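I am attaching a structure below and will ask some questions about it afterwards.
Chain naming follows the written order as A, B, C, D, E, F, G and H, and within any one chain the residues start at number 1.
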Amino acid sequence: MSGRVWNVYLSGEIHSDWREKISQGVAAADLPVVLSSPVTVHKDSDDCGVAIFGREKETFWHDHKAAKLNGIRTRTLIEEADLVVVRFGEKYKQWNAAFDAGYAAALGKPYITLHPEEHDHALKEVDGAASAVARAPNQVVQALVYIIQGKMP
Amino acid sequence: MSGRVWNVYLSGEIHSDWREKISQGVAAADLPVVLSSPVTVHKDSDDCGVAIFGREKETFWHDHKAAKLNGIRTRTLIEEADLVVVRFGEKYKQWNAAFDAGYAAALGKPYITLHPEEHDHALKEVDGAASAVARAPNQVVQALVYIIQGKMP
Amino acid sequence: MSGRVWNVYLSGEIHSDWREKISQGVAAADLPVVLSSPVTVHKDSDDCGVAIFGREKETFWHDHKAAKLNGIRTRTLIEEADLVVVRFGEKYKQWNAAFDAGYAAALGKPYITLHPEEHDHALKEVDGAASAVARAPNQVVQALVYIIQGKMP
Amino acid sequence: MSGRVWNVYLSGEIHSDWREKISQGVAAADLPVVLSSPVTVHKDSDDCGVAIFGREKETFWHDHKAAKLNGIRTRTLIEEADLVVVRFGEKYKQWNAAFDAGYAAALGKPYITLHPEEHDHALKEVDGAASAVARAPNQVVQALVYIIQGKMP
Amino acid sequence: MSGRVWNVYLSGEIHSDWREKISQGVAAADLPVVLSSPVTVHKDSDDCGVAIFGREKETFWHDHKAAKLNGIRTRTLIEEADLVVVRFGEKYKQWNAAFDAGYAAALGKPYITLHPEEHDHALKEVDGAASAVARAPNQVVQALVYIIQGKMP
Amino acid sequence: MSGRVWNVYLSGEIHSDWREKISQGVAAADLPVVLSSPVTVHKDSDDCGVAIFGREKETFWHDHKAAKLNGIRTRTLIEEADLVVVRFGEKYKQWNAAFDAGYAAALGKPYITLHPEEHDHALKEVDGAASAVARAPNQVVQALVYIIQGKMP
Amino acid sequence: MSGRVWNVYLSGEIHSDWREKISQGVAAADLPVVLSSPVTVHKDSDDCGVAIFGREKETFWHDHKAAKLNGIRTRTLIEEADLVVVRFGEKYKQWNAAFDAGYAAALGKPYITLHPEEHDHALKEVDGAASAVARAPNQVVQALVYIIQGKMP
Amino acid sequence: MSGRVWNVYLSGEIHSDWREKISQGVAAADLPVVLSSPVTVHKDSDDCGVAIFGREKETFWHDHKAAKLNGIRTRTLIEEADLVVVRFGEKYKQWNAAFDAGYAAALGKPYITLHPEEHDHALKEVDGAASAVARAPNQVVQALVYIIQGKMP
């Protein structure tokens, strides 16, 4: 598989450093992986629509314009990904993450979920369609090492 | 459109009577609509896998077997639906519902979300890909009357 | 082809009686054709969104809610159609009609345009992807008779 | 997303300098974007068919041969695009532009419309399926900067 | 498979009675098969375009209008077919038939060719993608009896 | 889901009565299910090709003609199925069954495997893509009752 | 479109030098085009199957093995092509060429036919689905120059 | 076809050196081919799931976790392949290999089987959908030389 680059999209929680840990692990293992993600600055992902296309009086449309703009990025990157990692943190609803998992599932695209055990029951359908359930970013890196290089941890 | 039957899948919350309200509205308007839904008995949708295919010691696999079995029903019905209605109630994580919305979106299938205003911000990406956002079951019925019969409320 | 029903979607102009003429022609020829169309009451197709899902202060969002709701109907019916007829009248921009033609073309679905000669040059790309260019509703009916029954006019 | 190149197709109006403005903005921001467009010399896009494949007596077929030849270019580039920008100018019918929007929509490809407010109502269905509505080329550039680099304006 | 109806499209030669023979065989075996075909009146399939949409001075466009109109019927019926039978007679070029075989092949739709041995070499690529090569209409009927009812001849 | 009929294809082993057991269970539960299967008379499924299209001297081509003819039936029915059941018996290679499972998986179509525990390790990849692993035909019936009627065993 | 390479597949006749002429024209115009074609040594394309996978006693299977092997190359290259050119020469049946045209048409891939006027009527359906009909290789080159560079001849 | 790289996935038996032989042949012929394969260390492909994502008490779930993880690699590489080679050795059930063949077939992706004559009858359906049946790795190399370079052995 000389030369093959694997595109991995990192979906979900934006309030912890899980993306950095995966990024560091990928770099340490020298994997031919290109990581991508949504815009992870919370405020920007909320305000981008009105900042670019003009203010809205209603919060609903303020959000709507942002969601549509963010969607251009996220849909394109998920459709291009070989693998999606979907992170559910301890807090927040994180419906985005579940939406992305469903989107990947419908495209027949494999995904790995990453979440603590406490969410297991609530996420059972999302996990049921996943290729694996990880508890820590390092497991995602180990999975990538195995998938791409065939090396065991 | 004489004879056309519209398949509508009702995804999400199973702890209130929103499905019954839509069902009654559809019957009252005499719409050519076939409603479908996941199995809505919570306990059954949790235990179906082990009840049929054998017990599991680990809760995770107990859930997993149920999720995979439920998936046969839900995926088939979503793929067959002309329209999906996705309900987010006041409580619970309801990641299933968001997963189904993402699944529908990736298939290019229209969906209407149904949720209170308090979820607007958390659901902005899910709403962003929706065809409409409803606050009450009656609005879904009115939408069906309009879509199918062209009648205004 | 005993029993086959042909679904024909009639897209475009809503200010003349071309749909009625095709409908009468289909009935006169006793064709196994189900005709469908967008909601053709102009005011309703403008106001349906706010009438059902709530008022908007901005005209833009008033229109937007209607467009999304109308889209549930029109997309479903175009995707189900065996043939789309796209009518461009003498007046108005009728960008909808051209949008529907592009939508049909991308799905590999055949369509016939129906418009006066004066639009020929402006519609050359739309006509270029069409299966035929008709000048009068009767020609559409004759085409259906030929396609379905193999009878010449 | 190191190395990712975004393909952006610029559809529609050929009588103003909006493509140049976007092109300059993209260059100024040093974005990894490849812009493409139809042939924008009006006369050539009208006459290419007969110039290459032989004269036609009828204007209709003169146009037809051009449309089919132009279609090879435009369809290929739209299908390859990550994003389509669809420009409607102040004048002309511009059915091509609406056709391209419908084509993109059916492919599930995101597009941004670019037009003055005066067209809002007539374009409501086309805008309804769009990811954003821009009023000036600079907004399209800002959107690209945000989508690709995650930078706010 | 109670109730299943098999759609079989009969493509190709229009100068012998092979379609009638298959039709009689299907009726004799009481098979749940709906047969369909192009318009088989040679003159009509040549002239339908101009008869409906207006005369052409050039033979090329006369033919073109007919081909596009016939295409609405043939494409729709091939796409709907469960099986395509492609007949190459002793005479004529019959490029249509080979075109239909390629069309079916690209859709992943099974087809059976029906032709004398003398064409074997010239048809090797077309036969190579076929599910079977028949020499007589009766063999096609026997194949349908086997496929649908599991009965041997 | 009034009126919905579920198509279930029964793939694999032809030397035991598992299909009859499922059929009886479906009848006893009065399920709206249409069962289909390959031709299960071993000798016929081997000889059908030459019996219809003419003898072959080489065993390889004798088999080949049968395989291609059987493929028309099996591919069509798998593609039409809502659910595939794939049975691996105690004996024989049964590569067909695994092939059908892979075929279903690539189409995104859910399948249930049915096999004794002794095959678990050898079938791990096939089971890994399955929606459930059953040990007895009755479990398949119970699954259908649950999927279709939402009733627990 | 800096950097874009256009893949063009040259299908059909192998007894004249039309491929060389197009190749020279492409080189002379310095077009970013990669041309591909079937194996054009007639004897090799007939004998490749048996030369590699073993002799056959029957001519039919001799041909069959070649056709299947050639198919790996031709299908892959057609599916990858941006444009297919299909050449019908003065002689031979050339059912391959028509098959390739049908294959391209079903994939929604544009193709240009290249043939003398004498074949116009027999090829009317094949031409009807084509983007252009050329009479000489130079016209194909001119079309490529226009499509890719926007330059008129 | 200057520059085109062919992706070839080598599926199946992992207990003989057939992959090395093909690899050496490809190198010797200097073919522009990238070979890929599943992880071929048997123990690792069994244990990878639990080694990375945590131990399981039940063998079934031990296997399951491995199968799902391996599936990320194998599905991605098969979907990316231009050609799949499927090897069935003298021993073992090798249901994986048949599954991969079915998966490739459903995607319309060509594959070559590689197995001794003794498996011919049991593999007749798998061979029936194959582009060729090889007996030795060298034949696969010769096929690649022919497909890519047009050279006969």
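Rule of thumb we're sticking to: a residue touches a chain if its C-beta (ideal position, glycine included) is under 8 Å from a C-beta of that chain, and two chains touch if they have at least 3 such contacts.
For clarity, every value in this text was computed on a predicted model and none was experimentally measured.
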Common touching chains of subunit H and subunit E: F, G
Chain hops separating subunit H from subunit F, counting only touching neighbours: 1
Copies subunit F and subunit E - interface residue numbers shared by over half, same or different: different
Rotation, 0 to 180 degrees and nearest 5, that superposes subunit E on copy subunit G via CA atoms: 180
Which of A-C and B-C has more C-beta pairs touching across its chains: B-C
Chain whose average C-alpha position is farthest from subunit H's own: C
Inter-centroid spacing, subunit H versus subunit G (mean Cα positions, whole Å): 30
Separation of mean Cα positions, subunit B and subunit A [Å, integer]: 24
Computed distance of Cα centres, subunit H from subunit D, in Å: 43
Multi-partner residues of subunit A (at least 2 other chains): 68, 71, 133
In the complex with subunit H, residue positions of subunit A that touch it: 1-4, 82-83, 110, 131-135, 139, 142-143, 146-148, 150, 152-153
Residues of subunit B touching subunit F in the complex: 34, 36, 39-41, 44, 47-49, 51-54, 65, 68-69, 71-73, 75-77
Of subunit F, residues touching subunit H in the complex: 59-60, 63-64, 66-68, 70-71, 74, 88, 92-107, 119-129, 133
Footprint of subunit D on subunit E - complex, ascending: 57-58, 61
